[in-house]
């Protein structure tokens, strides 16, 4: 398993493509091998891809507001399918409406995501923690 | 004493002249005999004028924020100088800062003003209550 | 059956209709004839086309928010709350419904009821069905439009039009390429012929339904000629199916001269193409979308973006403006934030409405540029279609002749790369396979080089990324700091 | 001694100075030479003139708020809170200090201390004195200006300039006519000669202090030529006393073309008049004030007014913009509201800065109009003064040749009545005794009639009142509803 293999995609019925393309470019630039599934990706498509390339992390985007519905149960599904140790990141406009980010963070950490990011996060800084988190799980 | 004689002016060191000119025009148009003292009027100047023309009401403006200081003690001074029954109105941006109008109203009513007006008040509607209030005091 | 830009014949339409109406249980409540009667019973004040006609006559720009929540009563409350501060109302449909995932929408409704707050990003009209939709229309005094992003919007159209909505947004290109991933273009075009035909049938019964292709596409640095081409094609396709009231749209690019030129050229081009295709009996209007790309998170700054769009809409003379909110960067707005966007817009429209943006050679040149670009691309589209616009469109998109930047659809080439020039106008950095005259390409190249020189760096994809972030980071142009 | 536009001689200045410095106890702490040394010790980054020069070079528009509270520590906190979001800082002086009512200011300070919140509408710099004022300057990293409205601002100037403020607003006309009631004009002009001479003395010691005549006057429908005449006169009077860094100001009128024409003509006229008077060694810049008349109470709407001003400032190419806040209609803003005004302004400036408002015959015509009006009035002023500008000014005001609408000063004629035309530009309804060329008067009359026809009513003072209220009621033009 290559430590820099990561899966990227926008979950659910979400069509927001712009941020996804940028995350791909930045992480690729930072030396990651990015498998970008684009928009409208189901939980199982993420897991299939992660298994296929032996990814160290899955980066889930949810921009359109249905994150609370679409992202639920993903950690469990990963474990079910044998990805016990995979690093799970999630970011974007994760819930409906303007809500305090700390609340949102707690909500998604409770769902089993390792890190939760607001839309304003600088992707270069994410690259760094991503490398560390993957290394720590090896 | 003519019931439609009223005194108008902007109290203290306040230079805001525009609202004052408009109130004058509207009240004059509504049939009042307006003695307009203009801007920067002291309490005693208001009272002097009221005594001189035998006014039924004094309309005090304070726009610039020092209303809380400039307007204090006016009712007492009126009584001292023999204007027990005169109707006292006050309006404008009466205090420093954006404050709840109901608070401001209480503050100035406690100072002895009969009615207290926010800057958005329609002057035509004021004319009506002014007539009634003056009549009630006769 | 092969896709053709030809009015669907009644048999085809009706047999397809049976299938559409049974694709979800709420379809069965709809009766077309009864829908016509219901529409005819609506007062003039609820008819979108009448409001647009009056505005166009008076040179006013109407205000329309976006708004939609999961539950009917909350949705009504939301629209009632906004009604006083706007001229036209929306019902923005949730993303599950847009992709015909009605079970998911049902789950969203259930969870929203349980949570006591909307967990959907819009109003699931199909799930709520005819009568509940009528309750929406009946609770309001202003015209209501369906705003969505649905490649197959047939059932949604059947339900909402029968329910008294008087305007319907979308189109086979504009509701596929920015909104879907794997829907073949000929399929979405075909499904939108159905929607357009349905509108045409209402029209034939004396019920005018306004049709609005979605102008802004991906909302991200779309050059005016790209969205104009799509708008004109969808306008022509709609006219063919019998639609008569067309509103063509455009999303603010940010450079005032370019934005004004865009709206003016759009209107002129529409008359040019519609009349060349033999249509004369139509009602045309335009819509200007306030900035559709990433917003600043700071609300005071968001107000500024909103105001710049409102000013441009009024100066450009758009018939209506679609209004953003100070919550844009964060999430679906509260009703209060939504109203604030409308209030800021109202004030700006009222302060700018009567003013005249002076004609000047610069503005003329920009209008001419857009027209030449559009004519060049559309000529190729017609050529590829061997005279058939629908076929031409499918082939043009496949060939990258029509190319929408930053769109998710796999049928879209994605080779065209836009970038801002030194005064912030959106220009072409990489034309991909879009056929533009040589001098036009040179013009774009020169403008981009001028900026590159000013910034002492090469034009590159980094410059494009900087531009994508720029407005959200309080800049128009993504200059290096 | 008769007022003359001539550099005050040192003896006169010094004997007057003794009197000024003893007019309130805090005067005694000021030592001019020590003040010069203190000013010279300030870093370049705190010098107003340097910031203006850099901005003018780069074609940027700097942001400056208004801000001032009663107590020093709170004042420092306020300015520190705003510092990141602006380029230039103010200290807005309270209204008692402006009228030299220092005992009243002392009462305001005492009551504010007791109340734990500011009960003054500004910062009482004279009462706080030299060292406390220096504490303000030292707690900040950006240049600080004294902004006020003081007919006799001599002691205030002595204290604040010695304390390290590097810019001083005001002038003998602009800080009398809109701000006072009974101060004779020759007196305020004479007192401002003192202030200007003080600035000149600093200049002679190598300390550049920026001087800014107050542009907006009554802030209420002031036609550009009226405020330009005042600005140019005050600029000339300041230059005569040895000031070298002049910022001329203008308050937004609301019609974009007129506002752009105003700033452009102001700059050109300044060079014309300054050079004709033989001054060549000066630094010129301009300031655009966001709408100075009544604001809407609704904060979202206020943002729109703020944004329209920010856009106009940037498109006009003003060197700095004075920023309003969403609390404007209600009261002295909280620091948060003040920052929001700056944030909205920042975003708008950044989105508009690089854009170019195209030259056009309409814009040219407006620039030419303003220039001709100004030249006509100023020619009369010089004529009345028999060559002396200061005397000419006093006589011109007395004669109604210079006439500021809606001003409180009894020396002002108040015969000129402005009104908006059909596109919202401020025109002349009643010229009073202002000497304008016949064709110019006809132009104004035609424009006003055009509006009257459009509104199907006569132009009247009611129309003027409607215009005064218009922006606060969400309109530019006060049309009948």
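Letters A, B, C and D name the chains as they come in the text, with residue numbers starting at 1 for each one.
Here is the rule we use: contacts are C-beta pairs under 8 Å (C-beta built on N, C-alpha and C of every residue); 3 or more make two chains touch, one makes a residue touch a chain.
In this text the structure is predicted, and so the values were computed from the model without any measurement.
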Ask   = Both chain A and chain D are touched by which chains?
value = C
Remark   = Note, CA centroid farthest from chain D's centroid sits on chain A
Remark   = Rounded to the nearest Å, the gap between Cα centres of chain A and chain B is 65
Key: Distance from the mean Cα position of chain C to that of chain A, given in whole angstrom   = 30
Query = Could you state the distance in Å from the CA-based centre of chain B to that of chain C?
reply = 55
Note = Touching at least 2 other chains, the residues of chain B are none
Inquiry  = Can you list every residue of chain C that touches 2 or more other chains, as numbers and ranges?
reply    = none
Query = Looking at which chains touch, is this a line, ring, star, complete or other?
reply = line
Remark   = Chains touch in the following pairs A-C, B-D, C-D
Remark   = In the complex, the residues of chain D that touch chain C are 254-257, 296, 298-301, 303-305, 307-308, 310-311, 326, 339-341, 343-348, 350-363, 422-424, 471, 474-477
Remark   = chain B contacts chain D in the complex at 12-18, 21-22, 25, 38-40, 64-66, 68-69, 93, 95-99, 119-120
Inquiry  = Can you tell me which positions in chain D touch chain B when the two form their complex?
reply    = 95-96, 98-99, 101, 104, 107-108, 111, 117-121, 149, 178-182, 218, 220, 293-294, 297, 327, 329-334, 337, 406-408, 461, 465, 468
